[in-house]
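Going in written order, the chains are labelled A, B, C, D, E and F, and every chain counts its residues from 1.
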Amino acid sequence: MRPNTFKRKLAAGETTVGAWLSIPSGYAAEIVASQGVDAAVVDLQHGMIGLDTALAMLQAVSATNATPLARSGGIDDAQIMRLLDSGAYGVVCPMISTPQDAAEFVAACRYPPVGRRSYGPARGLLYGGPDYVSRANGEIMAVAMIETRAGVDNVQQIAAVEGVDALFIGPNDLALDLGSEPVPESRDPVVVDAIRRIREAGAEAGIPVGIFASTPEAAAARAREGFLWVVPDNDAGLLAKATARGVAAVREA
Amino acid sequence: MRPNTFKRKLAAGETTVGAWLSIPSGYAAEIVASQGVDAAVVDLQHGMIGLDTALAMLQAVSATNATPLARSGGIDDAQIMRLLDSGAYGVVCPMISTPQDAAEFVAACRYPPVGRRSYGPARGLLYGGPDYVSRANGEIMAVAMIETRAGVDNVQQIAAVEGVDALFIGPNDLALDLGSEPVPESRDPVVVDAIRRIREAGAEAGIPVGIFASTPEAAAARAREGFLWVVPDNDAGLLAKATARGVAAVREA
Amino acid sequence: MRPNTFKRKLAAGETTVGAWLSIPSGYAAEIVASQGVDAAVVDLQHGMIGLDTALAMLQAVSATNATPLARSGGIDDAQIMRLLDSGAYGVVCPMISTPQDAAEFVAACRYPPVGRRSYGPARGLLYGGPDYVSRANGEIMAVAMIETRAGVDNVQQIAAVEGVDALFIGPNDLALDLGSEPVPESRDPVVVDAIRRIREAGAEAGIPVGIFASTPEAAAARAREGFLWVVPDNDAGLLAKATARGVAAVREA
Amino acid sequence: MRPNTFKRKLAAGETTVGAWLSIPSGYAAEIVASQGVDAAVVDLQHGMIGLDTALAMLQAVSATNATPLARSGGIDDAQIMRLLDSGAYGVVCPMISTPQDAAEFVAACRYPPVGRRSYGPARGLLYGGPDYVSRANGEIMAVAMIETRAGVDNVQQIAAVEGVDALFIGPNDLALDLGSEPVPESRDPVVVDAIRRIREAGAEAGIPVGIFASTPEAAAARAREGFLWVVPDNDAGLLAKATARGVAAVREA
Amino acid sequence: MRPNTFKRKLAAGETTVGAWLSIPSGYAAEIVASQGVDAAVVDLQHGMIGLDTALAMLQAVSATNATPLARSGGIDDAQIMRLLDSGAYGVVCPMISTPQDAAEFVAACRYPPVGRRSYGPARGLLYGGPDYVSRANGEIMAVAMIETRAGVDNVQQIAAVEGVDALFIGPNDLALDLGSEPVPESRDPVVVDAIRRIREAGAEAGIPVGIFASTPEAAAARAREGFLWVVPDNDAGLLAKATARGVAAVREA
Amino acid sequence: MRPNTFKRKLAAGETTVGAWLSIPSGYAAEIVASQGVDAAVVDLQHGMIGLDTALAMLQAVSATNATPLARSGGIDDAQIMRLLDSGAYGVVCPMISTPQDAAEFVAACRYPPVGRRSYGPARGLLYGGPDYVSRANGEIMAVAMIETRAGVDNVQQIAAVEGVDALFIGPNDLALDLGSEPVPESRDPVVVDAIRRIREAGAEAGIPVGIFASTPEAAAARAREGFLWVVPDNDAGLLAKATARGVAAVREA
């Protein structure tokens, strides 16, 4: 099976850069994934992407050096299995708030006897290789998003669930659930503290922690804090801001 | 008929900012067109866009304040008419090298007796309004790209062709045809001079001249030179560079 | 944030006409939404529409004066959030039979602390504007369909649930669940009485009630009965009947 | 090979009703084609339809009793052959103004030695059957649109071209080219007379003549005049008008 | 209503051949369904197919003599109803392990009072005919997949659930759940025995049993064992192996 | 620039196996291209593929070891350039009958000063690398199809045209144009002789010759005759025959 290079970089303690894809286009996905990112997440939660398009995007990412991942809409077995069958080498699952959530999520990602993923590897075989089924449980990443107050409170037990390969922080949902504002790079101590607790829980458990940032600079700052997987905005944000910079430059001329 | 606000801004001598769309996605189109640009060109020449997707993109642009335009693959009557029927308020046609080319192109954009556009306004009616057919000849823009040595040599006669509403410069094709390199913002005097001649021909003929630039800064510089329609890179370039900046920022951290 | 004009018309007691979209095409959606309707529902329950196409249709409706709404397949958080992120200004949810159902549904439509909608506004920002997140809870409509016997029995409590902005009657499912036939404009007293009870419950609670009709004439009759939101057949029905009329006219000639 | 029932009805002198499809959706196509029409034309000239979608629409029509036809954007060999390979049982070609045009068009529709259609029957084999290639020249219809002054002047010679199976009148383009207005069911004597001349030329040559109408009533009137193939508006027109009727009925209530 | 010929063949005790479709393409679906198979299953569990594409595939199958079926991702009411509304004449549901599962699944497939399918027949009317709603409960097949240890243990009670029209064996998931390897045509006695028990339970209950095979030869062997519905590999497997045979033949040349 | 490994294998005199893709699906493309073929041609002439889908298929092939190629509908500059911009590493052009045809075709594939390809490398940059534009003329293949009597008569001059990288034989069109039947592996001496002449002309000119075959065995036989690029049927043919074999095996059981 093709090795999951992203997982291995994280295991080796390398700082990685991730992309986050919300534009429903294989071409946009390939543009982004070709810029040197280590992994690219096809986002089916808040991205404008259905299963038909997700396949094309995972194929596009597969033509680059980035590892193809996907975010599901929730702990939805059918969808998670379909994303894995489509060749995703990992699933990011939102709103993991308890170790039970985490265990359910992990089970959806693993073949029996470890989990309950249904057999039908489809494109997994093409991207992964003929030994995909026997080795997928070891290569495929299950990434738990911590973005609720309960998730923060339970983060140590969640990180301890067998099969959770990484934690990922959604700062905006976290802020909302903590009763704060979903602002870029919040300085609200409640949010700052929660993010710190998640990062430390990952470090303690020996699993990497990722986080979404709103700009390249913020992503760099997160990397310096010790996050091993940082995402400098999603494709829509990058494209909007780059366009707006062009407009502003000309208006000022 | 809904007025062509882009055409009117140009007629009023305003400097405008254009977008250039190559990503086959209505969502990407709407992201870009929502950032304050005056017009957005759905590119069927070098964009990764077929007619099915072009329709969705023109609809997406129509939900913003930007004027929807399209670039055809050439002087191709069937395609030009389809783009207009799809609601484009103007067509940019590559490789106009002679006044005959320009006249052929204009005729494809206009209903008889002025031209030979076939009747079947389709989405034109929805976006333009019920009087679309009787007023389209006056609102729809025909934009001639000058990007060959012959085009430069004939630029005055091209600009004089009845119905040519604007000239547009493709600096890379122009450089190639002049025997130069297709580099961003070429300083090769042959290219610089050709661009100047086109700009001056437009000014003389009283029609606006547009140009593609490789960065916001270069676009701003073109605006200062007197170009009324500047395009600070296309969507693919903006997205690629913005992503690369994010990667670099983290790698350096 | 762009105001929800449909919600405001209803609040003002205006009688409105709605469209119901089941054909998976942004062009068909724009054709229908351009004919003067006040709102257009992209139907993901019984329409032939997946999430990929729903986006294109919501964009198409956004280019018209109609307010874009969507019907979900059920109380499905992930799907409801995706439809809102795609720019729907309201969600119609089938089979609301209890106040608990209604509260669950409303919570899926609202950001914390009121509800549990996850952050990731995506196209909501483009259509709604930059203050979308802070104002969405007040503009986005949650419409509860009453179409079961239990729903009718509980209609007063459902209408009283905080955040239910309107009720909507599905006469065919209602008839089936009441043990009657799903015929157009049923005269079965059991159905007639149930519809009356829902209409009166809405009036009592001060929230508008909508209903699906099978013809323009039936819709007009419903408007006269006091329904503020009437839908004169869906796109598929209108297109089929209009075609059949053409066939009949010629066959008779 | 599956017989071309539409061609046979016309040959038998039956009056037929045709559908005209411009909405890019297989579902819309199947709705329309299921209402008893004899043939359905997938319109690639003024319909919002690319080749990818045309295939799905031809498949959808194939699941009904209507004969699947397509309109090309012009005398475009590659496109005409692709539409036939996609299972169209006939092609309608716009703007046939001379017998040379007609001969060119027919040649694109026929395999050698009669024509120059390239081998690669693809879906033709699935819909037509295994003997498709040897019998296609005899079943596939080539329909020449007469919609220019020159076309009217040459109509007898065009009708006499070997392989022209039917004539079809585009009244709006015809009106425009005759210097008249493209109004529904024009009463301008110049247009009326041209339409009569085409009808009579078809009758004389023994080939059927079709015409586009703007309403069921107008189509019925054309049938009474002797047109064997009448089209009571296209899908977009039918859908728009049916929706508008619903809106009007409610507004008046 | 158009009769479900596949159901009738099975009821008559005929051995049938089924196709299994995982390639998201109406053209591929029509190619496969045109080769003489009795039924074709559009697979939304492990196929690379979303709801938008499933519709096109069901339409494509409808243009052939094969009966169109679909596999859902699970006991998911909204999805099952949408597949039926899209014209599927039966749904295959994975992972039915208890009679409760079976009853839930059947209820999703049937209109009240028998089940809880929601009204909105959509394409069902086009493919099935105008009496679709009143007769669908009797024609539409509910097929329960037995592929877990629990399912095998409960197979007699599952087969006895009113409305279960057939059982279908997924040998790979079954093997995995039984602690065996998911190999083609497993000879592990645990798997062999479980398959036998399911076959016998179907025979006893008087309902047909289907099974997936990995090659034409294996399918033929299953037919000889008494399975009435055999599937000789899915489209992806057939295409991959046929291509590989071509490559091998040339490499050996 | 990523080297064109297919071109290099041919230059080294290796016998290669090609795939031919007509099913409009990136997944089908990846299935086929993953089976060890050296190149895969996305067929826009007789395949059911438009430009929107061609992009997805070229991306899918790019995720495998096969070299992505495309067949255009003819000598159509706009389409050829778009296919190259989409990442095709070569174009196969049908119906090259004269050295003038060949020169026109080659010019469409090459940047100035050698040809007239327009600048806008798009996905070419992603797949090829940042030096794509300066090196594309040397890596991109122009493949001339010889499939007419005139093409055979002129084959030596065509092979001598600068920039023609390979010849490819379409045996069916060739047979038709020679007045023979388009049967698989024709034994008509006229066809056999023409094929031999083309093969010998390639050998003489030092350029490889490819040919389409109807089965793996026929492809192997062509390889033994000295063809360096053999195609053992297209995807549609392979899938249809493999399905039919499954049906036959069960019917015989």
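Things worth noting here:
Quick note on the criterion: a residue touches a chain if its C-beta (ideal position, glycine included) is under 8 Å from a C-beta of that chain, and two chains touch if they have at least 3 such contacts.
Every value quoted in this text rests on a predicted model; they were computed, and no experiment measured them.
Looking at the partners of subunit C and subunit E together, the chains they share are A, D.
Rounded to a multiple of 5, the Cα-based rotation taking subunit B onto subunit C is 180 degrees.
Taken over every residue number at the interface, the positions common to subunit A and subunit C amount to under half, indicating a different-residue contact. More contacting C-beta pairs link the chains of E-F than the other of the two pairs E-F and B-F. In terms of their C-alpha centroids, the spacing between subunit B and subunit D amounts to 34 Å.
Put simply, the C-alpha centre of subunit D and that of subunit E have 40 angstrom between them.
Counting only residues that touch two or more partner chains, subunit C has 22, 24, 27, 31, 34, 48, 50-52, 55, 123, 236. Inter-chain contacts, as defined above, occur between A-B, A-C, A-E, A-F, B-C, B-D, B-F, C-D, C-E, D-E, D-F, E-F.
Residues 22, 24, 45-53, 73-74, 76, 94-95, 170, 172-173, 176-177, 179, 182, 236 of subunit E are the ones touching subunit A in the complex. Every residue of subunit C that touches subunit A in the complex is listed here, in rising order: 50-52, 55, 77-79, 81-82, 85-86, 111-113, 118-123, 133. Residue ranges on subunit F touching subunit E, taken from their complex, read 15, 17, 19, 22-25, 27-28, 31-32, 34-37, 48, 216-217, 219-221, 223-224, 230, 232-233, 235-236, 238-253. Within the complex formed with subunit D, the subunit E residues making contact are 26-27, 30-31, 34, 55-56, 59-60, 62-64, 123, 126-127.
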